[in-house]
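This is the structure, below, for whatever I ask next.
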Amino acid sequence: ACGGGSDTETTSDPAGGSGARATEGTIDNDGILRIGATVATSNVFPENFNVFGGGDSAPGNALFWETLFRISSTDGSKLVPNLAESVEYTEGGKVATYVLRDDVTWNDGEKFTSKDVAFTYGFIFEEPGTTPDENGNLPWLAKAIETPDEKTVVVTYNEPQYTEDLPLSLYFPIYPEHIYKDLDRQNYQDRDPVGTGPGRLKKFAGQQIEIEIRDDYWGEIAPELTEVHLIPSGTAGNIESQITKGDVDWSQGGAPGVVTNFVTMEDHNGYYYYPDGSTRGIIMATHKGPTQDVAVRRALRAAADMSIVAEAAGIAYTVPSITGLDTGIYASMLKDEFKDPMTPDLEAAKKELADAGWTVNEAGNLEKDGTEHPLKLHIQNDNPAEMTTMPIVVDQWSKNLGLKVAFTPLPPDVFGPAQAKGDYELSLWTTNAAGGAFQAFTMYMHTKIYEIGDETADGNYGRWKMPQAANDAIMAITTTPPDQVDQITENCQILQQAVADEAPYIPVQSNGAGGMFTTKKWSGLKEASEIDYFPRVDGYNNLIRTVTDLTPSKA
Amino acid sequence: MTLTVPQNQETEAQILERLDRSPTLLDVRGLCVDYVTEAGNIRACDEIDLTLKRGEILGVAGESASGKSTLLNALGRLQRMPAATSAGSIWYHPGGDEPAVDLAALDEEELAPYRWTKVSVVMQSAMASLNPVIRLGEQFTDVIRTHDPRLGEKEAMAQAGDLLTMVGISRDRLTAFPFQLSGGMQQRALIALSLACDPDLVLMDEPTTAVDVVMQRQILDQVLAAQERLGFAVVFVTHDLSLLLEISDRIAIMYGGKIVEVGTAARLHHDAKHPYTRALRRAFPPLSEPVRRLSGIPGSPPDLLDLPSGCAFAPRCELAMPICHERPPELREIPQGRSACFITNGELDDAERARQQAAASGDHAPKGGESA
Amino acid sequence: MPRSHRTWTGRLAGLSFLGQRLALYAIVAIASVLLNFILPRFMPGDPATQMIREITNRTGAPPSGYQTRLIKARYGDPDRPLALQFWDYISQLFKGDLGVSAQYYPITVTEMIGKALPWTLYLAIFSTILGWIVGTYLGARLGWKPGRRLDAIVTPVSMFFSSIPAFWLGLLIVWYFAYTHGWFPNQGAYDNSLDIDLLSPSFLLSVLHHGALPFFTLIIVGFARWLFSMRNMMITTVNEDYVQLARAKGLAQNRIRNRYAARNALLPNFTGLAQSMGGALTAVILAETVFIYPGIGSLLTGAQAARDYPVMQGVMLMVIFASLLFNFIADSVYVLLDPRTREAN
Amino acid sequence: MLKRFLLIGKVQVGLAIIAVFTLVAIFGPWFSSTVLAMSPQDVDYKHLTGGPPDSTHWLGTTSQGQDVLSWMLHGTRTSMLVGFASAIIGTVLTIVIGAWAGFSGGLADKILNGAILVFGNFPTFALLFIVAAAFQNANWLLVSIVIGGIEWAGGARQIRAQTMSLRGRDFTTALRTVGESRARIILVEVMPHLLGVISPLFLGLIAAGVNQQAALAFLGIGNPSEPSWGLMINWAMTQNALFRGLWWWFVPPGLALCLIGFATTMVNFGLDEITNPTLSSKRMKLMRIFLRDKARRAAAQAPQEVAAR
Amino acid sequence: MTIRALDGVDLTLYPGQISALVGESGSGKTTIARLFALIYRPTSGELLYNGTPIRVRGGRAERAYYRNVQLIYQDPFASLNGLKKIRTIISRVVKIHFPRLGRAGIRARAAELLERANMTPTSRYLDRYPTDLSGGQRQRVAIARALAVNPKVLLADEPTSMLDASIRLDVLNLLSDLRETEKVAVMYITHDIASARYLSDRINVMYGGKIIEAGSTESIISAPVHPYTKLLLSAAPDPARYKGSGKPTHEPIADSRPVDNTSDIRGCRFADRCPVAMPKCTSEDLPLFRSIRDSHTVQCWQAEDDADYERASSDRSRTPKNSAKKE
């Protein structure tokens, strides 16, 4: 990955995107950073920053809300202190004690204290207690959250929760108690967010959101940056065109072909792609159809060259290892044989099929014992990159194995429920979540194997029952304190091996954050190796970190 | 309202004398009108020659599709697509010392001063002739004021009111829309309108076919009364020969786009020279004469796209002679009118005619019969 | 009959015509409300389940307990009897409450439509009226003297124009004028940096600049049908007896054309205008998605992508009500124009 | 009448266009697989990011290296299928409802006419949009049923008016007074008279169906695995073809839509010229020629006259 | 709003006779014909056929009725289905009423019918469409169709008014011949009193939904009593009064409003136009006067002082038991 800046040499990394070739800005910097917000097709903003409401909130809310920790983009998703200075787990992971910074103020001038954290976590974890409910589930908290002093918060769980700070850091920012305590939190339309972040809402202009950068922010932000404007960008083409024209400085995402089109269009244009540790892959049903046979699964996996697919997508993503884990982020954890991106092996694929007694018949269907099994690949039709890439996968199966898999894009409403029910043999979805060894395989825990026909499946849509050893390994990770890295790695490698052997899915893409930018006005986006965050517009803390790094381009 | 009824006191001789004295108003020479259609050009008026005197009431009768309306529209320069005057002239004599003008040669702008002040029209369907969305009053005043721009709106309206009263419609109907009047009233309003600019000639195309006999009679009375008072000439087109006989000074009979006979009402009544005229006369049962069995005209009207080479009527004519099938007879002057029949127009000398007639009685029997 | 009396009854006749139309529209409105209520209930899954899955998809994890309970409380109990649900729906509707957006909870649908609708109306009304004026004017010209060279060129060309799907033409125009050449903006109703201020010239100019492409597209695809109907009606009208009579009267050509021919030929085009508003909204909705114009078309497609049924329903209702309103306005104008509806005997 | 209708140039052009598309719908996929040896799904790895028309890909390739021409050929089938199916459904509804209302009179007519008015005043696309969106992933048949089921009101109004006038026409009364049964009057005697109204309605509905389907597919409603013109435009748009300048991807399907619309406009124009001869352009042309000849003749005569004097 | 199109009409048709029905537009002539053809139903009163009341509604009974009574329409261009061949048009009727005739029989019968309508040679017409025929020929086809059932009664509603003068007479003559050859009763409806005189044996004069005067053709023409009949006679064009003949034309005509059928008027509807109206014309019910010498009847006070007429009854339009019958 790379970033463009006035003082760094531009480089080009085939996997990570391509940076701006020009090193100098061309437009007078007016102190305003304009960020393209991906707002579907409508540029009517929701005028609401209450992220605890039911629906989407306005873009840019990450400039107001911050979490206690943030997750490092390197080092196996370590926690990095943010509003909290540290956390300590005691009593076997059942008690978490947070120490907070004391130089933080809300943007209305009030001081940020432990009661804000207690308030926020209080409504996330709900009523404390020690008796199970009718379903036999214990409440999260054993007792109410304590605030011994302004800087300290003590959370007491009923069970060990070493991993709980990951979701908390990803999704649950701290809210001001003095504002929210008397409000109906869920139904409150927050038009004037009081947060700890650097932003203070200037106004909702009809077609953009104007946010001022306050002086009293606890972090550091370039003094030249006075305002951030969030500008809707209806379609991928529009974002690209706006950036190219200099109307927008930076935007998340990248449409298919961005590396070949957009980046070459203007010297100032740049594009990056940072994997975030999660993976998209083709989930194969282990409960029905020919994919019940592990040989078929492995053959399908070995018969497609995902690097060609990645190239066609043109958004500079990388191909993960055969385990589904990104080869960069998980470099330190991956087994040696899995350290490289997955490669096809056509001969092996054919052999697998033949050995297991499968043939591909005239019609291009798998056949065994005289019955044929047509296959369909279902994907959700609203992702342009996947709409571009999956036909190529299908075509490869056809060219390599003679297998005619029907390419079947479906609208989310049809795809989602049917996938949850396990109706599909092949479907494209997120196979590994971001956030460390546990998160990466969390959906395959034995507790998350669902009966077919169930409405939810927690991601294990293929109903893969991992070997007992692997399941034991993942359970062990949850009870291992985060600092015992070696033990975690060991368990993780057991999981890797299980996935490599049983092929519950075909990893396709190292998911992550792509971004387009121009250095006409602002530069300073850093190399992936230099930073421990993702330069993204959404996701708490990332936006602030990114903005912090930006400096005006030299005219 | 009751009108004075025309008394019909003139004798035929008096009528002829009156016409003789009267200066010529319109002189039509060789007028041809074609309908340009995909199937070919239909000549609906062929070499029409006609002279109209001032104050004359000329009736035009004939079967359907014989070209009556076409002729009338051509006289008023009112043809619309696909009709076009293809030849001939319409000389209008303004009277006094002014030279005659050929109306057929004028373009729309040059015609404007002649329209309505010299020649006005009454069309067959009053309902269709009045603009449904303009109040009656305006339809009067616009023409009055166009031709006499000095008049104010008020005076024009007053004049329009007078005209309406003349035909027995109360003047407060000026504010009405045409659809608020009954059919008879519309027809009368149209007649009033035609007189708005004191024209020399009013062209009337079946102004009474859509109404009842009683209403028809009433309208006619009004037209005739106005005509007697104002002295304009009338060309009156209708199917109804009985009616024409009652009101016209002279009558022209049309057949297949040609005028086949012209004569006074009296002459046509008892001494029609053309077999077609006689057949047409017989087609109307009398009201006061004794009833006898009458017969219609055999065969069907000619197809204008495919006219026979000789006289168009010959295929249906009992008296057709060989020559009738060969070339068309000319429309020639005869005493008290004109005729286009070889038997009566004097084109053939007596001997030749006798020879032809002898030949005809040989194979006699009308040809064609029921050919459709 | 005294004059005052006649106009009085005349007015009554006009009113009763409008009354009938109004009754019809009321029925249409009721039907559409009913449809609007019933359709989402035919759809697979209830809104609450929908919403939960939505959140799961977005965040990668199912919503926490408090969120789930909240969602269920908000989107109604699917087990409540349909009649009662309908009653709730209607009484909310009467209060102007179209519900709450699922996508942008807790923002009300009314607020969202309130921001979007003016832009759509602006596009729809002006493009339709401009297209109508252009088409009708050209049609009247061509129909007055048909068959001339201008007619021979303009008519077939506009025939082709009228067949172009608005959304596709929009794409071509965006591609060429906005992307390739950058002469016009490719999204938005005005410059992002401006505030809505109807008195500021720079705002108004910006609105015009941003509206240029959508207007151009809508007018190109819209004007032709008016041109045909006006042209054909004009040709027919010119052949009417009353126009011939006007000619015979020796009136000035202009007067014949305008007062006699065009005025009467215009009437069907007016009815057409009334009926076209619904269709015009359709074209506008499609065009908005192409031009990323912040109207209800964008709102609708956004809502459909996000399965935001409350917004979809609200927008549909607005579209229907708006087109009924236009119908009614045009009917009223028609009554003014055609005395036959007003003063029937 | 029919012959005259078919002789009009506009009608010939219109029908020819529709015929060509129908043929493509029938034989296109076959042509694609045998002559081009390609299917829409085949990927050309040399054109993975889309390429302009060349000798192998006559209409270029999409951004996933698929052949646009193959897409067009298969898309024509879906689009025309929807066009015809929705037109058949719509026409049947149109006839049944319109003729029933027109013939029965009384209460049945009142109710049916009410329905016609309601549907006629309904912004149909709005309805179509919700209904189609409700049936996610609707295949061509369902889309056709929805389109046909919504688009009948305009036609039914015409048919109703026509049947009412036919019912009042003397010949139907005459048939009653010779003892003919009512059903036979409607089906055998009156129906043929409606053909003149029905056939342009049918054509119009084909175009409407094709267009509505395209509009829906363009908005991403309908079945994304059935290639159709609207889907092509939708994919081109969502996959950024506009910005990337892959015009060959979205121009052909739009042109096809234009042509279908153009064809029906032409046919309807021709029909207008038949029912209202004053609109006949052929006649206008003949008239122009006639007047020109007349002017020439007059010009030729004038000098002769001068000479004669 | 109800329009009383017919108001207490008594009308009798006799076999082998032509009865004319004349009257101004809107007086109810067509309504009578359509009543007889069961297209409309009377609101009160009854229709008698051969003395028995007609109470048929659809189906077999209606067919049976149409075997006796047939209607000929005014407009031959509208009354024949333009898309069917003449052969089909005629043989269909034959088939309905004589299904047992068989294919060949029906064929022969169709030809025979055309022959009776003077359409010879029949082969020339059988395979044509109505659009290929002239108006007179079409009307003859319509008559042939009506004859297909061997009707006893022919109702001819202005059968010639759409036809050209030159062919009108042929149709009238055909009707006249049928009266003799088929002994049918013909009701001839017309505006044209001259043609009524030419064709019919009896004339009924209608005004405002009533038959105000009826009698033999001769007596109606030569000795009309009702002022409206007189007006009708004088208004009709008569070639004998040609211009230059010196013959005086008609009497002046009062402003003629069309009859207003919507108001419920007592007495005579013609009173407001009548030159000789008296107060009692509208204040009392109208009596019916009957000629003492023949069947001439008239509803007008003018007959009161006439020695030839006696009072038959008072106006019965208010009494419900009127009948229109055919015998």
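Order of writing sets the labels: A, B, C, D and E. Residues in every chain begin at 1.
Just so it is clear, a residue touches a chain if its C-beta (ideal position, glycine included) is under 8 Å from a C-beta of that chain, and two chains touch if they have at least 3 such contacts.
Small disclaimer: the values here were computed from a predicted structure and weren't measured.
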item	value
Co-neighbours of chain C and chain A - touch as defined	D
B-D or A-D - the one linked by more C-beta pairs in contact	A-D
Most distant chain from chain E, judged by the mean position of its C-alpha atoms	A
Between chain B and chain E, centroid-to-centroid distance (C-alpha), Å	32
Euclidean distance of C-alpha centroids - chain D vs chain E, Å	50
Whole-Å gap separating chain A and chain E, where each centre is the average of the chain's CA atoms	93
Centre-to-centre distance between chain C and chain B (centres being mean Cα positions), rounded to whole Å	55
Of all residues in chain D, the ones touching two or more other chains	136, 220-221, 237, 242-243, 278, 284, 287
Touching two or more other chains - residue numbers and ranges from chain A	235, 237-238, 241, 382, 413
Multi-partner residues of chain C (each touching 2 or more other chains)	44, 179, 239, 289, 301, 305
Each pair of chains that touches, named by its two labels	A-C, A-D, B-C, B-D, B-E, C-D, D-E
List of chain B residues in touch with chain E within their complex	1-12, 14-15, 63-64, 168, 182, 184, 211-218, 221, 239-243, 245-249, 264-266, 268-269, 279-289, 291, 293-297, 300-301, 370, 372
Residues of chain A touching chain C in the complex	39-44, 46-48, 50, 53-57, 123-124, 126, 167, 171, 186-189, 205-208, 229, 231-235, 237-238, 241, 245, 247, 278, 382, 412-413, 416-417, 420, 430, 433, 455-456, 458-459
Residues of chain B touching chain C in the complex	76, 78, 80-81, 108, 111-117, 119-121, 123, 125, 128-135, 142-143, 146-147, 172, 175-177, 179-180
Complex contacts: residues of chain D adjacent to chain E	169-171, 173-180, 189, 192-193
List of chain D residues in touch with chain B within their complex	278, 280, 282-284, 286-287, 290-291, 294
